[in-house]
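One chain, chain A, appears in both complexes that follow, with chain B as partner in the first and chain C in the second.
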Partner chain A sequence: MNLEFNEDQIDALREFMNVSIGAATASLASLLGAFGTMHIPKIEICNSHELAGKIESTIDLNSMYYVTKQLFTGKFGGECIFLVSEASATNLGRHLYITQNPSADEINDAVIELTNILTSTIVSRLTQELGTQVQFFVPYLHFTDAHSIVYEGDISEYSKIIIISTILDFQDQQINGNIYILTKDEAIESLQVLIDEKLEEIYG
Partner chain B sequence: MKVLVVDDSKIARMSVIKSLKEIVPDAEALQATNGLEALEIFQKERPRVVFLDLTMPVMDGYEALKRIMEIDKAAQVIVVSADIQSEAKLRVLVAGAKNMYPKPINHEIMKLIFEKDLLV
Partner chain C sequence: MIKIKYPDVLLDSLENGHMIIDDAFNVSYWNRWLCINTQVPKEEIIGKSLEEFFPEINYTVLQRKIKTALTIGTPTFYDANSSRRFIPIERNKVTTSSLKLMQQQVTISPYIVHENKVMISIYDISELFEAKLLIKKEMEKAHKLNEKLEADKEIIDKNIMVMKTSAHGVIKDISSFFCDFFEVTKRELLGKNVSIFKLSDMSDIIYRDLWETIKNKKLWNGELQYRTSKGQEKWFQARVVPILNIHGEIVEFSAVFHDITKEKLLAELYITDPLTKLYNRAHFDETINFIAKHQRKAEVDFILAIVDIDFFKRINDTYGHQVGDDALVCVSKNIKKSLRENDLVARWGGEEFVIMLKNVTLDEAQKIMEKVRSNIEQNIVCHNIKVTASFGLTKYRENEEPKETFKRVDDALYEAKEGGRNRIVVK
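So, the complex of A and B:
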């Protein structure tokens, strides 16, 4: 099984992700009544045991995090992980519930709501670009330190993982987060086929 | 007619150029991968139209648009972006873009751009 991507495939995947993130940012901007700054998505392929280190290298290790994980299945199946720091989550709760001191339930609810919009918009748009469909599972939320984000069970079914990551960035509201989309080996192969079909359409 | 297509993604540039060639077969497509490269090419080549992405490394599209308009107030810039927030559109229109369209651009949208937005 060839799980390596060539330069054109990576470029295409990054661009499809960019369009998907754009749709998600607009949905969240509407929810928050705010403007979100878009960032260029990063695509990395790594071995599953490297995942925790890759995530830790992009976040503040001194913060506590709300971590939401949502599985999706289909030709392009995998898992979406959304990290939001305790401070950002509190700001999100304040903003959505219009209160200075949101309760723990309100913060949890706000993070879940954000994740639902984010994951469904990003993955749906990405799969729309790729001409396929997926089904979503209910998101699972936990609150943890930076070193306990990835469980062993999360990666046991993966050998190689594509990490598609970007930053959610609403500066004025001080709400930001990191998004990672993980895909399994079978999905990587399907993804290569779908991307090649799109490249053929453009390049002929 | 010289047309400058600015995007850090090759597939995005090719997608714009493909639609462009369908509407204006003799268009000469120049390419830049970020705002800074776009400025250099704009200064030198003075393209009739610029298709400009917003989220790019080195120099983003907002800054490039501002600088292009400083060079030539009559520059015809069409922003093509994944950023579909209404505020983003407002910002680029205020900065002088002729219009802004969500990615990806297809044949129908390109036709509309040349019929409604551009003076060519």
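So, the complex of A and C:
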């Protein structure tokens, strides 16, 4: 199985992701009344045991995090992880529940809601660009330290993982978070096939 | 694909709650599960606002979620772990009480987008949630237990001398207390063979007994002697346990040591004559009575000797007690150096010494004592003062009372004194 992407595939994926992220930013503005920016996505392919290190290298290791994981399935399936620090999550709870002191339940629900909008928009738009469909599962949230976001033992059965990551930043509300779209082995191959088909469709 | 003729029947047969509402919360569908679990019949609620029946729902949040589902075209979700239920529904389960209200997973899916209608599905995840709570509780218990174990481990590490080795005697772990006691670091010991602790003067018999016992998968309990780099003599009570795997094979040894040096010194003091450093009378009595009582073949073969310094009173009277004490020490040293390791010598009282010579004939014993007598005669106690001693010898007879043996040896000594002193008489 060749899981390496060629330059054309990477360029196309980056372009599809730019479109998807643009759609997500628009959704967030319209649905949550929050105007934010999202960074240009970074695309990396790594071995499964490198995942924890890759994530830890992009975050503050001294913070506690709300970690939401949402699965999506279909021809292109995988997992979305949204990381938001404790302070950002509290600000999000304040913003969505219109209260100065949001309860733990309100913060959790706000984080899930934001994740759901981000994941659904980004992945739906990406798969729409690729001409396929996905099904989303219930997001699962937990509150943890920076070193317990990924359990390496749980992912050891995979060989390769593709990480598409970006940073979300709402300056007015002081909310920022990291988004990772992860997919593995066969799903990477499917993604390659879908990109090739799309490139064929566009350029003939 | 077939066309489902009776979607109502299908939705009613599901074990989940399903309702269809618009963004103004007007209910247009309410399935059987919801009728039963909320006690609100569909005839009552359909066409009316959900707010009338369930005012406790946060409608600002619900409206936002409906808008999200309709805009994105994919389901939105409530937090399934929330303690705030979408619609509070009592649970009837009586065997557990951890959840009084049904834990719900609520999904809002777009239904007819141009009519702003969504389907709200409620799934009962109470059993799953209870299992999760139980796991969390057990994890907390395990965590507490682990903390306690860690604390206990620290107490052991700081206060008890513990060593773990592989089946081949390679040191795998060692307590800090052990390292502190021996003034070594863990790094110096880990990976080394335990034989580095084989004491230069430790009896080979004890060492062999230890290894044979533990290699036979048995516990070894015993005392070990060690001489530190500073030359201090230390004694340990050791307990060495072989650890077996499920196949009964030795995987490692664990050993616990307890410093008994002070106890050993006290015990020595209890049986030692302070002036001559020989055993005292009490210890000799105890030994000979033990031998007489048990009559073990290897022990009953001995010669009893009594040594008495000649004219000792005169030495004390003429030169003083210090010279008298010097004479006692000088004689005791002469006796000690002429005997073998396993012979027993004690100060019997005053200027008398008693000796147990093991596994020798009377003739051999007489020759040994002759050497002792000659040494005493030739040695200078101090200031050109010399002393002599008289000896009585007898063989212990099997099954006789020690007092009978002492009677004979006393008679022999008496004869030696009467015969002119500085001589040996055998009885």
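The rule is simple: the second predicted complex is superposed on the first by the 199 of 204 C-alpha atoms of A that agree within 3 Å, B and C clash if a C-alpha of one lies under 4 Å from a C-alpha of the other, contacts with A are read in each partner's own complex, and residues count from 1 in each chain.
As a convention for this text, a contact is a pair of C-beta atoms (placed from the backbone, for glycine too) under 8 Å apart; a residue touches a chain by one contact, two chains touch by 3 or more.
Computed from a predicted structure; not experimentally measured.
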Side-by-side fit of chain B and chain C on chain A, or clash: fit
Touching partner for A:54 - first (chain B), second (chain C), both, neither: neither
Contacts of A:113 with chain B and chain C, given as first, second, both or neither: second
Touching partner for A:40 - first (chain B), second (chain C), both, neither: first
Computed vertex angle (chain A) for partners chain B and chain C, CA, steps of 10°: 150
First (chain B), second (chain C), both or neither touched by A:29: first
Minimum C-alpha spacing, chains overlaid - chain B and chain C, in Å: 14
On chain A, the residue positions that both chain B and chain C contact, one per complex: none
Touch list for chain A against partner chain C, complex: 27, 30-32, 96-98, 105, 108-109, 112-113, 116-117, 120-121, 124, 136, 138-141
List of chain C residues in touch with chain A within their complex: 60-61, 64-65, 67-68, 71-84, 105, 107
Residues of chain A touching chain B in the complex: 8, 11-12, 14-15, 18-23, 25-26, 29, 35-36, 38-40, 198-199, 202-203
Interfacial residue positions of chain B with respect to chain A in the complex: 8-12, 14-15, 18, 54-57, 81-85, 87-88, 102-104
